[in-house]
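One structure is given below, represented as structure tokens, and several questions about it will come after.
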Amino acid sequence: MNTLWTLLQDPNMQWILISCTLLGLSSGIIGCFSYLRKQSLMGDTLAHAALPGICIAFMLTGTKSILYFLIGAGIAGVAATFGIGWITRHSRVKHDAAMGIVLSSFFGLGIVLLTIVQHGGYGNQAGLDKFLFGQAASMVGSDVLTLSIVSLLLVSVCYLLFKQFKLVSFDPGFAKGLGYPVAILEQLLMFLMVVAVVVGIQAVGVILVASLIITPAVSSRYWTDRLGVMVVVSGIFGALSGATGAIVSSTGASLPTGPLTVLAATLLFVVSLLIGTKRGLLVRRLAQQRMKRRLGYGFEEQAATASVDDRINKEAAL
Amino acid sequence: MSSAKVQSEASVMERGDVVSPLTVSGLSAAYQKKPVLRGVTFTVTEGELIGVIGPNGAGKSTMMKAALGLIPRLGGEVLVYGKPYKQQRKLVGYVPQRESVDWDFPTNALDVVMMGRYGHLGLFGRPGAKERAIAMECLAKVGMADFAARQISQLSGGQQQRVFLARALAQDASLYFMDEPFAGVDAATEKAIITLLQELKQQGKTVIVVHHDLATVEEYFDSVLLLNVELVAYGPTKDVFTQELLQHTYGGRLAFLERNSLAKTDNKKG
Amino acid sequence: MSDFWILLTGVLVAACSGILGTFLVLRKMAMIGDAISHSVMPGIVIAFLLSGSRDSLLMMVAAMACGLFAVFLIQLFQNKGVQADASIGVVFTALFAIGVLLVSLFARQVHLDQDAILYGEIAYVHWNTWIVNGMDLGPKAVWLLGVTLIIIVAVISLFYKQFKLCSFDPALAAACGIPVALFHYLLMGMVSMATVSSFESVGAILVVGMLIIPAAAAYLLTDRLGMMIVWSVGVGILSVFAGYGVAVALDASIAGCIVCAAAALFVLAFLFSPSHGIVAKKLRLRKLAA
């Protein structure tokens, strides 16, 4: 406890903690919209796609500036979303395969560029591979500032355009009828997701950053049926995970921040799944029993659990 | 409502010695928190065409899927020719809704029909010349022989439905479940399908069809099963397909029904 | 000689993943393939910590168990109302995080490089050979992949009709009495196996590319399932050769170049496939208009 306290007094640590919390908050918030639009795995694709962008930014500028990396990764992310849209629109390849194709080919390209950077005379490349798993401690003051500002911007855009995003996520057709620029809003949401992913990469890493987009949003769904509340809860869960990752990583011996953050988020998910007040398993089990009683199957408790297992198998099949 | 139920239960007892193709008792099923099928009980007569009628969300497809064991039951029993369904699979043919499969799948019409034979092939058996011949024959029966080598995504909706039907024929079953075979097909296909159903009936087979178009019920089916989560009524079409029972089944949607029945009487006059 | 072993390893990876990828793409489970390839990670690390060697049977079993566990969890969460996409994301990130954390925690005991797991060491494949009674029998990776390929080919060809029907129309398959769930897990088990056998050579993540990209290209080139498998394997093998050539020329990651080559071949199929390519479609439209 003492060491933790001294750690928290360290100004550098304070900054890292703040920026990890903020980026957890912003990805939690933006993740809600992508969850509701059934685009959770887009976050994963965008994160993998960011790798070549980061490498190219480094090769062009020769510096490890977060701002340039953000720009490079952002461009790569936008290219990836267009790639997926293009494949699904113009061929019979389905959305999931298109994501897989774009994800792995961009990542493959990123790895190729990374090895070229490592073998070439680029110098000063040490630490570029930190982007794979994330290392918050490697952030310097200016990085922290950039990340925090971008995160805050993200949160404010979501706050200002909340009503539009809500309608676009729920019923784009109706939103169009109201005269909303739906295509632009959808692109904007996608772009915000790109930004959230890119911001998270430094702390969580390319491979795992998707977790911050997906897991807090899924967890928050168990606590509420209202979007406004869901966004707040998801933001809090994201922030908690980010903070936990940063703190544990700085106390333990050279543990990467990324996996710790992800596991913190996963823990929150498991708790929500079990005891969430709206859709948690406990609540549902009670509701199911009530229904069984109403149907007159109150005494078939064992049969019911058996049928749940059965159903898992069946649905695995379908 | 209850009179029809009593009647069907009575007929079970009378015909105790004859084994019915399908006996369903107390069948219930639920999605998430909502029961969609509650205590459905009926016994079908061999060699009949049976229409399953009810509003959207009445559990028509669910009843078929629960009877076939495709979704878990909350309770109830299903007997096919007097034995549990699992032992009688080869006697049962199933035509799922057309939208349930991916028509971009790399395969052609003949190949899809041959899939109907897979249940007869055993664990390691491979489809050969015999299966190919059966499949061609079945395709010919639905008027699709010319399309055997056509990739399935290049067939029209009606043609796809006919391929599905040919596949069911290839299963060579005695009891068929068909989930909305008439949905979204052209007039020619509808005619082809109903001719085929009549043929199956003449061969002594039993066909249970989920059906939407109330205007054609009296023309197509020998018996009608009215369903709205619970069984409303089951029996011969002339006894069950009445204004009163339909109103009971469809609840508040009276206006639609009255217009519909008016249209029907007009048809009869014309 | 090293060229030969590297290419042979690549070809075996292409064959294993080409066959399985076809079914993943057709069942719209491409991202499940991605999830499995990430999720085998903790299994690999735990087996490594227990046995201390990289090529134990234990590792294969543990990794397969992890892959199947991931599939099971994804299914479980989906049944509890989590969207398909999201449940994949939650599960694989969690399992992969555990794997990475274990590697970092036991970095000193585990001579298991994160880099190796991620982008593979196909270039060093011929260094690690299997020696029996002083006889050099060739690289272990080749043996491992060879056995995996034989198992995959055997299982798929024995149960071809079941896999086909389960992919096309699972409802009918179930109604026919085919144990659909069993075949589902059998396929997933084989995907885990292929991932583990490949991870040493092309890396856990690039396996995804070899699973999905050649199969998707094949999907655009043919309308028959059997031919699709052949094309898928063919595209995979072609990208191994092309990718290796490029990698040598650029002095870059071999696995990365192979995946890039596969992506390039996909783009070619996407544009110029005679049946489903963009150019062919445009030409047909023009002909109709004229």
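A, B and C label the chains in the order they appear, each numbered from 1.
The criterion applied here is as follows: contacts are C-beta pairs under 8 Å (C-beta built on N, C-alpha and C of every residue); 3 or more make two chains touch, one makes a residue touch a chain.
Protein names from UniProt, one per chain: A = Manganese ABC transporter; C = Manganese transport system membrane protein MntD.
As the structure is a prediction and not an experimental result, all values here were calculated from the model.
Enquirer: Counting C-beta pairs in contact, which comes out ahead: B-C or A-B?
Expert: Here the pair linked by more C-beta pairs in contact is B-C.
Enquirer: Taking mean CA positions as centres, which chain lies farthest from subunit A (Manganese ABC transporter)?
Expert: Centroid comparison gives B as the farthest chain from subunit A (Manganese ABC transporter).
Enquirer: Taking all protein C-alpha atoms shown, work out their mean, then name the chain whose own C-alpha mean is nearest to it.
Expert: C
Enquirer: Please tell me the distance, in whole Å, between the geometric centres of subunit A (Manganese ABC transporter) and subunit C computed from their C-alpha atoms.
Expert: Their C-alpha centroids are separated by 25 Å.
Enquirer: Nearest whole angstrom, what separates the Cα centre of subunit A (Manganese ABC transporter) from the Cα centre of subunit B?
Expert: 46
Enquirer: Would you mind pulling out the distance in Å between where the CA atoms of subunit B average out and where those of subunit C do?
Expert: 41
Enquirer: For subunit C, which residues are shared contacts with two or more other chains?
Expert: As it turns out, subunit C has residues touching two or more other chains at 28, 81, 171, 173-174, 219.
Enquirer: Where in subunit B do residues touch two or more other chains at once?
Expert: Counting only residues that touch two or more other chains, subunit B contributes 70.
Enquirer: Would you pick out the residues of subunit A (Manganese ABC transporter) that each touch at least 2 other chains?
Expert: Subunit A (Manganese ABC transporter), residues with two or more chain partners: 92, 284, 311, 314, 318.
Enquirer: Enumerate the contact residues on subunit B facing subunit A (Manganese ABC transporter) in the complex.
Expert: Touch list, subunit B to subunit A (Manganese ABC transporter): 28, 30, 33, 35, 38-39, 70-75, 104, 153.
Enquirer: Using the touch definition up top, name the residues of subunit A (Manganese ABC transporter) that touch subunit B in the complex.
Expert: The contact residues of subunit A (Manganese ABC transporter) facing subunit B are 92, 284, 287-288, 291-292, 295, 297, 300, 303-304, 307-308, 310-311, 314, 318.
Enquirer: In their shared complex, at which residues does subunit C touch subunit B?
Expert: Going by the criterion above, the answer is residues 26, 28, 81, 158-162, 164-165, 167-169, 171-178, 219, 222-225, 227-228.
Enquirer: Inside the complex, what are the residues of subunit B that reach subunit C?
Expert: 32, 65, 68-70, 86, 89, 92, 94, 96, 100-102, 105-108, 111-112, 115, 118-119, 121, 123-127, 151, 167, 171
Enquirer: Any idea which subunit C residues touch subunit A (Manganese ABC transporter) in the complex?
Expert: Its residues touching subunit A (Manganese ABC transporter) are 25, 28-31, 33-34, 38, 71-72, 75-83, 85-90, 93-94, 96-98, 100-101, 104-105, 114-115, 118-119, 166, 170-171, 173-174, 180-181, 183-185, 203, 205-206, 208-209, 211-213, 215-216, 219-220, 247, 250-253, 255-260, 262-263, 266, 270, 276, 278, 281.
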